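Contents: one structure, followed by commentary.
Chain lettering (A, B, C and D) follows the sequence in which the chains are written, and residue indices restart at 1 in each chain.
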Amino acid sequence: MTEPVRDAARIIVTGGTFDKRYDAIKGELTFTETHLPALLEQGRVKLPLAVDIRLLIDSLQMTEAHRQQVLEACRESPELSIVVVHGTDTMVQTAQVVGRAALGKTIVFTGAMVPYSVQGSDAEFNLGFALAAALTLPAGAYVAMNARIFSWDDVEKDRGEGVFRRP
Amino acid sequence: MTEPVRDAARIIVTGGTFDKRYDAIKGELTFTETHLPALLEQGRVKLPLAVDIRLLIDSLQMTEAHRQQVLEACRESPELSIVVVHGTDTMVQTAQVVGRAALGKTIVFTGAMVPYSVQGSDAEFNLGFALAAALTLPAGAYVAMNARIFSWDDVEKDRGEGVFRRP
Amino acid sequence: MTEPVRDAARIIVTGGTFDKRYDAIKGELTFTETHLPALLEQGRVKLPLAVDIRLLIDSLQMTEAHRQQVLEACRESPELSIVVVHGTDTMVQTAQVVGRAALGKTIVFTGAMVPYSVQGSDAEFNLGFALAAALTLPAGAYVAMNARIFSWDDVEKDRGEGVFRRP
Amino acid sequence: MTEPVRDAARIIVTGGTFDKRYDAIKGELTFTETHLPALLEQGRVKLPLAVDIRLLIDSLQMTEAHRQQVLEACRESPELSIVVVHGTDTMVQTAQVVGRAALGKTIVFTGAMVPYSVQGSDAEFNLGFALAAALTLPAGAYVAMNARIFSWDDVEKDRGEGVFRRP
């Protein structure tokens, strides 16, 4: 039997709640560096992975230029399976930019509702979930959060509930 | 565009390192109850899920009768996407029993190298990873651990390294 | 040999970084309820303890009226050993109000530089440290943080470094 | 007002549940290295501290020769405030050896019912608690666990309940 899934992937980091960290002096959540290597170590990840840290910002501060940077990172990726770690507030918008470009790769957007640095974070679960989706789904752009997978053109965030759903 | 993945799943619990818990009086890791509800809450899982707690044992103590119980649980499942949480030591043997039965469902075996109750556990990552695999892969039995997915007839555990690999 | 220390204590909660909690919908750290019961359970505390939740606010928002409430709570306490959980920014000012009142009890102010709900928090350490100080020190008001103990009239917070020190 | 407490301490490490670590390959709790530096960093400890790693064993395996090593480490300590991190099962016996020697120092035995490496450990609380006790109590040997302090000659462990108490 042939290997049913691809055997390498790329993770593109853009920031978001996923990567916020508590600054004990300022007393607030900020960005300093990505937690991604810590998450991969915790997950004991054995898959060959490339990590591309493009941005480290809150997704509410993402401009159209930032979204073009994400699209560019996806276009340049030699791997066909890509996970984009992104803030949840504008994840859908960036997924639309990438989805419309139809790059012929499987590009899965994920993030976290609770930062990895906070107890009870969903970051580790979502990262594992998104990685498997990126390895197995047909080419296209998707949002994968909290055990649900949506196509880029069939998803919205319900901010009051903090969940993604079909419109 | 149609929904690219199934929208419900079943988790069958059998125990394993994943679910071991520290007993402060005995001073050792034992089984008391599954951590699965805690993992699902942490992952903020929004997918309709059935949970079937069949066994709560170390996989080194699994007999052929136990493996038949797992097979039976898979056969009875109305959901076509199934994750089996299993100890890693004999995960491959149980996957073979289930794989040979060719049930026409997507059945993904996963577990953990470090218990969920221990700091730095890979349980949450593996659960997310296996769930996405169960929702997206074609019918068959698989082992999904640490970001790698194997067909049931093309995998072995390297106990010295604590990893799964193709033989 | 007689028991060298008192055998009961009171904890007065006022809020502070110690008790901040991540709100996944708002995406920020807020107050909802105190973590104190969780900390006591984790510490497996066997000492008879009274818990008095007076306030649940950031110490930068403490007014003179709030400080009088803390003083009143200390005055009313039948226990002679008291820990006050307090935000670090104005902990010294409240300790001065209580210290000047010379209540004839051992009153120890503590808090955290990192919320209990954030990975790597100093809350549990500081709570244990302050409790032992409250059980053993002579009557007076003290600040006990990060393994250092200061008299109320001989301490200041260095905000740039995030530490307490003698002036 | 003079500083009410001593301003330096020594921690003598002997192992015990406190320092057990999960070995993912062997699938059991073992000793590899002490977690003490991690605990001190988490507690943001600002007190000048000497750390003396004497032993790293289960206290059930402690011989009389081991206890003499602990006594020797206490005798050699230039600091007058000492915390001994010790397994709980024979903590009382070692405290008796050290207590009878009447070294004129404050020596506080502590440990953990749940390893630091396991979620919900009492190690951080007990370390903070024991440190404050060591800085404030008169010379003598003590057991300080779970917010209770006992003199070395007035304490026993109730193994069924997993608590220390007066006989």
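Operating definition for what follows: a residue touches a chain if its C-beta (ideal position, glycine included) is under 8 Å from a C-beta of that chain, and two chains touch if they have at least 3 such contacts.
Since the model is a prediction, treat every value here as computed from it, not as a measurement.
Visitor: Which chains are in contact with both chain B and chain D?
Guide: In this structure, no chain contacts chain D and also chain B.
Visitor: Quick check on chain C against chain D: do more than half of the interface residue numbers occur in both copies, making it same, or fewer, making it different?
Guide: Since more than half of the residue numbers are used by both chains, the interface counts as same.
Visitor: Name the chain whose C-alpha centroid is farthest from the C-alpha centroid of chain D.
Guide: Taking each chain's C-alpha mean as its centre, the farthest from chain D is A.
Visitor: For the two copies chain A and chain B, what is the rotation angle that overlays their Cα atoms, in steps of 5 degrees?
Guide: Nearest-5 rotation angle for the superposition: 180 degrees.
Visitor: Would you mind pulling out the distance in Å between where the CA atoms of chain C average out and where those of chain D do?
Guide: 24
Visitor: So the centre of each chain is just the mean of its C-alpha atoms; given that, what is the distance between chain A and chain C in Å?
Guide: Inter-chain centre distance comes to 40 Å.
Visitor: Centre to centre, by mean C-alpha position, how many angstrom separate chain B and chain C?
Guide: Once rounded, the distance between the two centres reads 44 Å.
Visitor: Would you give the residues of chain C that are in contact with at least 2 other chains, written as numbers and ranges?
Guide: 24, 44, 113-114, 120
Visitor: Would you please name all pairs of chains that touch?
Guide: Contact pairs between chains: A-B, A-C, B-D, C-D.
Visitor: Hey, which residues of chain D end up touching chain B in the complex?
Guide: 17, 22, 24-25, 27-29, 113-115, 117-120, 159-162
Visitor: Quick one: in the complex, what on chain D touches chain C?
Guide: 1, 3-5, 7, 9, 39, 41-47, 49, 113-114, 120-122, 124-133, 135-138, 140, 142, 144, 146-149, 151, 153-154, 163-164, 166
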